[in-house]
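Order as written gives the chain letters A, B, C and D; numbering starts at 1 within each chain.
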Amino acid sequence: MTATAANGRPPAGPAVDFCGIELAHPIINASGTFDAIAARRAFGEELIARFPFSAFVSKTVTLAPRQGNPPPRLWEVPAGLMNSIGLPNKGLEGYLAHDLPELAQLPVPLIVNVMGFSRDEVAELVTAFASRDEVAALELNVSCPNVETGLVMGADPGEVARLMRTVRPLTDKPLIVKLTPNASDVPAVARAAAEEGASALSLINTLRGMALHPVTGEPWLGGSTGGVSGPAVRAIALAQVHSVCAAVDVPVIAMGGVARGRDAWEFLLAGATLVAVGTESFRDPAAGARIAAEVGDLTAKATNPV
Amino acid sequence: MTATAANGRPPAGPAVDFCGIELAHPIINASGTFDAIAARRAFGEELIARFPFSAFVSKTVTLAPRQGNPPPRLWEVPAGLMNSIGLPNKGLEGYLAHDLPELAQLPVPLIVNVMGFSRDEVAELVTAFASRDEVAALELNVSCPNVETGLVMGADPGEVARLMRTVRPLTDKPLIVKLTPNASDVPAVARAAAEEGASALSLINTLRGMALHPVTGEPWLGGSTGGVSGPAVRAIALAQVHSVCAAVDVPVIAMGGVARGRDAWEFLLAGATLVAVGTESFRDPAAGARIAAEVGDLTAKATNPV
Amino acid sequence: MSTATSDRVQAPFGVRRARVTAAESYGAYTVLRASDPAGPRPQAGQFYMLRAAERWGGGEAERPFLPRAFSVLRAPAGGDELQFLIEDVGPGTARLCELEAGAELALVGPLGIGFSAPRDQRRPLLVGGGVGIAPLAIWADGLSRAAHPECTVLLGFRDAAHAPGAELIPGAVVATDDGSAGHHGLVTELLAAELDSDPHAEVYACGPPPMLEAVRALCAGRDIPAQLALESGMACGFGACFGCVVPTVDGYIRICVDGPVIAGARLKTALTPGAGH
Amino acid sequence: MSTATSDRVQAPFGVRRARVTAAESYGAYTVLRASDPAGPRPQAGQFYMLRAAERWGGGEAERPFLPRAFSVLRAPAGGDELQFLIEDVGPGTARLCELEAGAELALVGPLGIGFSAPRDQRRPLLVGGGVGIAPLAIWADGLSRAAHPECTVLLGFRDAAHAPGAELIPGAVVATDDGSAGHHGLVTELLAAELDSDPHAEVYACGPPPMLEAVRALCAGRDIPAQLALESGMACGFGACFGCVVPTVDGYIRICVDGPVIAGARLKTALTPGAGH
């Protein structure tokens, strides 16, 4: 239904089955790049009537509330963006009390993205959402250091395996492991996650980057370093998605610089089941609907649009 | 002398000492992005009179000759380039017989970049150049899998440490270890190299990427995957250079997307001793001279040009 | 989600095209006029995310890439014209300033929460600095239509090269830092004098962070309500990226959805790192 | 390094500006004229790396970024004018085709090795396909100056929309794939007929890979020397990137420094993956 509503034309391509969830088209949002509650304040009910994504992924939720990093949080890079937002969020309780009820009203399934600074924290988050019918699936953001081991969970196959062994038994809902691109061997991490029961994998998260203040020469971003996204990283994302799809049998959600149907189409060709749009939504709030329609045409024709 | 010749103006900033080699300015070329012999055919003696770099780094030399990858070898990405050249070169013998005598005539010190597919191969290459007075320093390209261990040497601190223990004793010349950015913990690799006697470190090499044929959807590049370079990777390079400079005491050669004096200046602020220009030379063969002059002005003013 | 009546004029969902009808120079500033038949009439203090529909990129340092935020300067009632006042400070504004009649903008808006009417018969005092005069022009129009007799407008500029911007708000009192036009000094000096003569005022201000902070402090010291139109780097303009935050007494807020107009009383300071230039 | 007399007209070192003096349409093609006072007169078959000095980027898929290679169409002796024939096939050529008189090109060149005179009184046979006619125009001029009486020029185009390109080489015989202009069929059919009537010829060809391959095979079969101007994706144009290789009997060569004009006899095939479009 979404796709039809989204652009007043037939659904973009056939419905997609993702871990048993039926989606109207293969385009969803990337976590942290679309706040449906704020967007509804800006665009009103037209946002709901033309909702651009076939599922909604919420911004990362942590156990405790977070203010996020001090500004500045943004730096424009050639053909992309670098951010150090710092995962501001209301925390688990605040999310359950305030955000979940509103997001449950969206016309599409809800995927909640969670992050913990230890396996126990992740376990607590997974348990909290396991019983929520409003939540169709969980995405685990493992692009952060484990405060106990110091290792970035998502960069180390062993860490990811241990994490999955801890949390997999806690819910029947699909568990999507979101991989970091800042790793020597991303397919190895993907295999470790899949072997320990990950229902799906998503990639890429942002690439670590830095910018200096034009005048002072000090780090520009309040968080000192940031994450690079947008078309600048698309070729890197495509290589990682291609190698991960070759390494595992579970479905893959591909993202990284998708700005046109053509880009999404390439990720699908590389083996992805869904494609997430992030930074491009900043240039066009309805980018997801446009890309879904373009992918639909490409799927229909299965020829190159250029 | 170079800088003066290079742009008919006073040397860009004070001379730089790099591992005991005095250079007229901090701008050199990135390996594999400038063929001085071919450029002399295209531009004649003006190339020598206005040589843009304060030292010349030759393209990677391997033990055996290599044809390189089948075409296509190039793909343009947003604000950058992806290549799968495949290290074509005449091999050690061919290089010594044909290239070295010509490169020895350049008005600047010569740095030879070498790569081996095993520690023994690297050792053989280092030994061969150790006795050559025409060669000021060696750069070790470790962005390739060790055929014995399968590990990408440059992504694994242990591999790099073993390599350095093997080759460090073989020469008194400065040994520069060129790091790959496709690693989980680049500073750890840098520390391992420095602890085992690396004279300097250089980074970043290209980021692994991929593109699909606009019509067939098959991998576009003859090498299937390629390496991304240019402004698209600059913020990523700056973050890695910054963290490596903080991790080691040896001099660092920074590169990755440098297109303006401003970009080089930021790498110097991050702690680099030299800055290498690669892809930008494709847009302007004399980019090195322009950037050296701009850095000279920035060093002089030590203010922001923008 | 609450579907309570909205606190703002909402934007059509998605990016749309608007044709440039004229580009005029006012000293160092450019006024872009565009025809936006598909959009609603914005409120004073709201803004739009703009980019050139063609060749948005390929400028200095391979930028711009993201759209840029601009307050609406004027949006004459009854028509479909939008006016923006633009100062060339980098690759994005440079590209917009080179557009000519016939070129197309890609825009999203109106966005954010604008100015609200003065409380209990307070007289409106509008204080603008540099390109920050933009939202005051449309607000001054609205106030005079709403028949606020003594609406005073004080505008500060760097120098005579920028002072022509004052022509956009007839009757405005001008100050320049270098004295080359109008009062020699800061516009906040004029504000202090006004508040001394009659403190029963509500202040509306937009300009560079140091000016806004001076206005905030001045009003805070005298318990005078101030509505400040803030700036910050933005990526999206509709609350999606969490990039445009400023610190308030109750934590960070996104000025694109909770602003850009903020009550001075909610701020500890108007000096936000990375805001403006 | 050998300082033997050069096999080419060498380029000034570095990128320089050249002002566009005119942009003219020939059917689907654009002819750009530019004034290049700082450069030498190029040889037929040499090429330049071109980009627009402003806004090179921000097109489709955030491209172009790298300069693009273009054969010189004409470079009238005595003057400083360079002419290029451009077909809009993507973001780089699209940007160049929108340039107008007064705009500036950033260019490097002339580059590469051009055509060489026919051996032992062979008559020159020029065969061009589509935009590949460009290097043949300047070569035809040179041959007629060098008084080669029967210099025959055969040009193939997709259709009548592209055939106007033939006006650039007076006296050329035209073929179109769809028969909408001139001979209905492939230009290589005309070539075969010419070679049947008088095989004592030297062939000069430039065009899409399939055409070049047909010409190569035709000449190879009859032991007729063929000079083929090849194309390939290029990043630098001066031998720096090793990206523009084509396979020859003695391995890969970089066509930017060892070509673009190659003896047909050196090629096993003119069909190089990724070459042209």
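Simple rule for what comes next: contacts are C-beta pairs under 8 Å (C-beta built on N, C-alpha and C of every residue); 3 or more make two chains touch, one makes a residue touch a chain.
Since this is a predicted model, take the numbers as computed values, not measurements.
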| item | value |
| --- | --- |
| Pair joined by more contacting C-beta pairs (B-C or B-D) | B-D |
| Distance between the centres, which are taken as Cα means, of chain C and chain B, whole angstrom | 47 |
| Between chain D and chain C, distance of the C-alpha-averaged centres to the nearest whole Å | 54 |
| Chain A-chain B separation of Cα centroids, rounded to whole Å | 35 |
| Separation of chain B from chain D, taking each centre as the mean of its C-alpha atoms, in whole Å | 34 |
| Set of chain B residues in contact with two or more other chains | 75, 77-80, 231, 306 |
| Residues within chain D bordering two or more other chains | 57, 61-62, 65 |
| Arrangement of touching chains [line / ring / star / complete / other] | complete |
| In the complex, chain D residues that touch chain B | 1, 3, 6-8, 10-15, 51, 57, 61-67, 106, 108, 111, 232-247, 251-252, 254, 257, 272-275 |
| In the complex with chain D, residue positions of chain B that touch it | 32-35, 37-47, 50, 59, 67-68, 70-81, 83, 85, 88, 102, 105, 220, 222, 230-231, 279, 281-286, 289-290 |
| Parts of chain B lying in touch with chain A, wherever the complex brings them together | 75, 77-80, 82, 152, 155-156, 182-185, 207-212, 214-215, 217, 225-226, 228, 231-236, 238-240, 242, 257, 266, 269-270, 304, 306 |
| Touching residues on chain C, where the partner in the complex is chain D | 54-59, 62, 65 |
| Touching residues (chain side chain A, partner chain D) in the complex | 79, 231, 259-260, 262, 306 |
